[in-house]
């Protein structure tokens, strides 16, 4: 598709002309990603909207606890030149504030509310961003942060069923399975340098 | 409005056309294809007018791949828990079933499914190693008791036979049944020298191979030392060589040797081998050792091992079982002295196994580490000659014998006393020394054409060694191998057979040697007859021959590789009557302690046999037994916390007797 | 007198049984239209008895009293309904306006009770119900007045006899436009689509009935069935020449109700303002036209 | 008159799915309204982060219940983009058949769904009956009626069963011949027209403000903005179909487009069955057993055209065995939340449920 | 503690007649079970086929009802998020007795696929009592219909007593509800 490759090229030129791009990822013939500075997001989105990327497809965030950052993602789309543009920017995780893009894309209203609810990112400029949307009476850290463990939360709040019947046939002298378990535990403790896949 | 022109004209009469359905048959499913028999019965009773309206009611039979409730074929199921592992809802739990027989390759547990969790995704079916878990066409189940939704799938559902629904196929299978290709040196190349045949996995390939493992752990029980196989494989997959090395050294102090020449019962037991090619466990172990740099070994014992127990142990022989005993005794805190008759330590690893399987550097790597933790190895010191057993008994608190089977056995057939008829154990150490450069090529007595008798791994070792030397000496090889057993019951491993035949060895399987034919004082060949039966009905070795089918295998030299024998000449007269020898092996308790001589422990070939890894396990057990025997008697210094942990680990990992997996022949 | 009252109650009871059975059969018929089997024909009875057997919650005495008032009012209305041209409980008390008046008592009772529940859906439902009533009553009354004008009598029996006398000259045929208006108004009265605005389960959660459960709802169901009986009977008597015997009545009754129900089953419902606009537009014009044609021009077929 | 507060849902027959429209009404006119989402919140995105790539197959169809296949497709496409995996040709075509059948079933459900708020239950019953036939076909292909778990990373889970193409063809031909009945009962029915004509308008100007996609957008802007045409995935570039549009978006126009899209989907299915090649249907994303599959690092957004509009998964992989972050762009997010807040006021109570049906609002994908 | 069996509390004097009436009532009740249309979770998507032409549950005398007051069965169709549970308890308490609860699918039994989710409860019978569970994810319409007949049968056998259980063990249920929800009262931005 010659045409769509041209589109990608065009987008790349346009974005590079507008803002300083930290990182570009060519994903496929209909999609390209740019990582830019936080302060330039609004400028880029305004330019893109005026050039035809009129649809805000998605807005959300990613948690990178190792870098102590949140990454905010905006995906915009142009129906005439079919290129999805991911605009990503990293913001501080300790004090996550991102100016709302409500003046550019009014459709972002609920996406921002959701991002606030699930990550705790503040969106000044969005009048309702602090209201609860999906959760109700939430009493823990925002659930999509990586340090939130839903398993533990669930175990704490919602007991699991303990079935009376067991189906096991046990011989108290037969310790093979227990031993296997213990061995596994031991070996697990020995694993050191490996990085979690 | 213009827009409305594009629609067809609306009308109040158009919907009335539907009245035609008043005169058509209803399309709903009849109730007797919806309700179960029990519920239909209730409805019949409930109906005040027609008491038998619903007959033979039964819910609609689902299509062939319906994902209904599970059924599990217990005959096939091996309790590998892969289903439990993959279950996205944590619905499957393995429960112990000690009523099942304890056999190699199977765990005494079976899955129980919580239908309060199950999402009927059938991933458990797709990942089942044996294909025993399937789904049925049953899909109706309701109850008022929430506790009745945990069920143990068997061949039947709710005690009645069911049709099978979703089953795994080749396409849906989630396991990787094909082994990652191991790079071999080509036959043309390898016969020219003693270059190691197996090249070993690269990091990338090792990780791929490791990623095939499902961590079921059925292999562990089949391993004589019960290595933490799934765990070190996982360590490889996680690219954690150091962890892997530590895990391996928990249970096996000779990983470099075992990574190359182990009989790998674990691979026979492997659950992937149920339907595919087993994980290359042996080679993965080797990968860890090969890729672990020397300085990483220091991390296995992060503190120097010191004698904290004031007791000394002598070990006779430096084969695998002796080295294993030495390592663990040292770890437990004893002073250990090893006495070796030959010039190098290692026993069978240094003198029995061929160089192209296990090169010296690999053996040395293992032995050096054992030396490094403080085991003293005295080479060229033969028990009975340089130092007697009685002396050892006096000097040391305990003695461990691991002298092995190092004498060759020959068949007693006509002509077998000819000097060119050699036993395997006479020949193999020579070739090893030759490979090391200790002996020149001329001194190795191999004739241009050779017949090897025997079907075991050793026979192949002899044959392949002979091939190499022939090629070096004469430029071409002519080796014939004959054995009683045909291919389906050949005791040698598949790999040996394949590699051997690749290396131009002609196999005449299923023949029994009758006579070494001599002519002019020289060997002309070996006369063999067709063997019709090796084992009798009771499974005992009792071969029968068909004398009418006779062949002469021509050759100038004959090697017998029909087993090895021990040499107990070092046992002094004073102990001879106390040490009971049965079928060439010393009788002792399970841990190797000789009855009546509680200071004397035995292990390895002279006690249990028949392979290296069993020897290692004997060494481990004996070390723990020696510790039990001496610990309370001896004076102790204060131990560090770390060494206490090491002690505990050694005791904890003391292996049970291994389960022997049934061998599956893949060769035809 | 007591005998008359007993007969009256009997008629009301008969009306209930008849309408409930026919409603049940109609559910089966509509089921067939929807390509399915439909419920048992006596399902409606089971439903009602079940509701009566349930425990119920009250929302104050207006809530309870309204229900009783509604049911009582409707039973009282039904008591006056002639079944054939010579069978009725209270001789000479079958004036059309008695029904118009008494049926309103039942409706008002229900309205009162529903408002007493305090549920906003109920208030909306009641509002809609009354609006709908206002909407269909006007054209219907004009047509009925035309008939009364033609027959010179407002007694149902007389109207029946008038039709039967002139060779079964039913007003449906004699006044076709008026008959159509009558049928449309009947659909409105029965709460059939497209005029089902005040129940509208998917919009206002069944409107006035939103807060009823158990016994009160059961009573409302009975009231509903009896009022349907009254309304369909009225139509049969006014436009289909009534009946000379009970079977004729049953057949006509069944045909009218089933037709209304079938039409209802394939149509959507109007919004409330559309209902009012609709009735004040076509049926009203048609009714007035019919009246003008019939009374001033005397064109009666 | 005083403003009265009403709830449409969560427990309300006019509401499809567990969501609640809160309305402040004056008489019958809605003055203010909000959607209260979250009643179906399961923490999907969190759950997916914690499950292996292979296990996610079990989880993803549950994001949107009436049309589960789009989830599987979007997830599969996204993962394949990250893996740079080429899937077998036949799998593309099978996927298209599945997706189009799912589209028909979703459209039938929505089209029949207006039977609820408008009271025309016969329409609903007929549509559900036909939808049930599609579910039966799905059951034959995939082994389950609703949660198929059929479109997986690397193709489809297994090949089509023997003889199913004939069955599908029979069904679509039968349905095609009966589409006119749906029109008769629905958009050509005079009493229904009263309800659906000129109500719950979506003005052209506000489409981009809301971010509405799919039928809602196409019925207003009058252009063939369909991802299947604009940025084709699978093999949509090799089949011929039209994208029905309109430039006056009332409920009637949207329902009309729905029926026309059913027709187009039938055409696509017929072409797929004709053009579908033989061959393998699945490739594994890598060596090793499924629990140790990993996916290379990267961010990718995989949009596809669902029956309600652009539906997409935003996936971030960290190179591990589980996704690092999965974001779901529910197709009904804009019209469900912002649409109800901004464009329901001014309409009547009766119309609220129609907005839900004709714009295509699927509560579970809003809540996730 | 939850008593598993309901013990009759009324004195045995007025009882025989009552019981007879109750049995008659049971006949009507079990043959006319009205469902509350509350789509709490995914399993609701199999309800339309069960209710409409394909499986036509009206044959069993069942039908959907618009409001909790009119309904007999509360059909918990699948998982329950906390937000729904809050409203479900409201709804359940509004229903008039006798009322029955059916749990569809895996989730009400033990959490199903969402067993470790932060927003979904695991066991429904901790919060409101349940009469019949239907296994499956999701249960086919056949399973659902069979579940209904199961309920009818247990009404006949007088084992469908969940509503009495709820009355008798109200405190236990209330406590559980409170533990999971914090407070049962609904506060959201729209409850101004």
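As written, the chain order gives the labels A, B, C, D and E, with residue 1 at the start of each chain.
We adopt the following convention: contacts are C-beta pairs under 8 Å (C-beta built on N, C-alpha and C of every residue); 3 or more make two chains touch, one makes a residue touch a chain.
All values derive from a computational prediction rather than experimental measurement.
Enquirer: What's the fewest number of moves from subunit A to subunit B, given that each move must go to a chain touching the current one?
Expert: When the steps are counted carefully, the minimum from subunit A to subunit B is 1.
Enquirer: Write down the chain pair with more C-beta contact pairs when B-E is set against A-D.
Expert: B-E
Enquirer: What chain sits nearest the middle when you go by CA atom centres?
Expert: D
Enquirer: Using C-alpha centroids, which chain lies at the maximum separation from subunit A?
Expert: So the farthest one, by centre of C-alpha atoms, is C.
Enquirer: Considering only mean CA positions as chain centres, point out the chain farthest from subunit E.
Expert: Using the mean of the C-alpha atoms as each chain's centre, the farthest one from subunit E is B.
Enquirer: I'd like to verify one number: the distance from the centre of subunit B to the centre of subunit C, where each centre is the average of its C-alpha atoms, in whole angstrom.
Expert: Roughly 86 Å separates the two chain centres.
Enquirer: Where the centres are mean C-alpha positions, what is the separation of subunit C from subunit D, in Å?
Expert: It comes to 43 Å between the two C-alpha centres.
Enquirer: List the centre-to-centre spacing of subunit A and subunit C in whole Å, with centres computed as mean CA coordinates.
Expert: So the centre of subunit A lies 61 Å away from the centre of subunit C.
Enquirer: Between subunit C and subunit E, what is the gap in Å from one C-alpha centre to the other?
Expert: Taking the average C-alpha coordinate of subunit C and of subunit E, the gap between them is 36 Å.
Enquirer: Mind pulling the subunit C residues that touch 2 or more other chains?
Expert: In subunit C, residues 31, 33-37, 201-202, 205, 266-267 touch at least two other chains, as defined above.
Enquirer: Which residue numbers or ranges of subunit A touch two or more of the other chains?
Expert: 135-136, 143, 148, 150-151, 161, 196-197
Enquirer: Residues of subunit E that contact two or more other chains, please.
Expert: Each of 31, 52-56, 59, 66-68, 83, 109-111, 113, 115-120, 123, 137, 140, 188-189 in subunit E touches at least two other chains.
Enquirer: Name the touching chain pairs, would you?
Expert: Contact pairs between chains: A-B, A-D, A-E, B-C, B-D, B-E, C-D, C-E, D-E.
Enquirer: Using the touch definition from the top, list the residues of subunit A that touch subunit E in their complex.
Expert: Residue positions touching the partner: 131-132, 135-137, 139-140, 143, 148, 150-151, 153-155, 157-161.
Enquirer: Taking the touch rule as given, give the residues of subunit E at its contact with subunit D in the complex, in rising order.
Expert: Listed in rising order, the residues of subunit E that touch subunit D are 36-42, 44-46, 48-49, 52-55, 64, 66-68, 79, 81, 83-84, 87, 91, 113-114, 116-120, 137-138, 140, 188-190.
Enquirer: Touching residues of subunit E toward subunit B in the complex: what are they?
Expert: The touching residues are 30-31, 53-56, 59-60, 103, 106, 109-113, 115-116, 123, 125, 130-137, 139-143, 145-147, 149-150, 152-154, 156, 159-160.
Enquirer: Per the contact definition, I'd like the list of subunit B residues that touch subunit C in the complex.
Expert: The touching residues are 15-16, 18-19, 21-22, 24, 26-28.
Enquirer: Which stretch or stretches of subunit D touch subunit B in the complex?
Expert: 51-52, 54-59, 122, 129, 139-140, 142-144, 147, 149, 157-159, 161, 181, 183-185, 187-191, 193, 197, 246-248, 252-253, 256, 280-282, 284, 286-292
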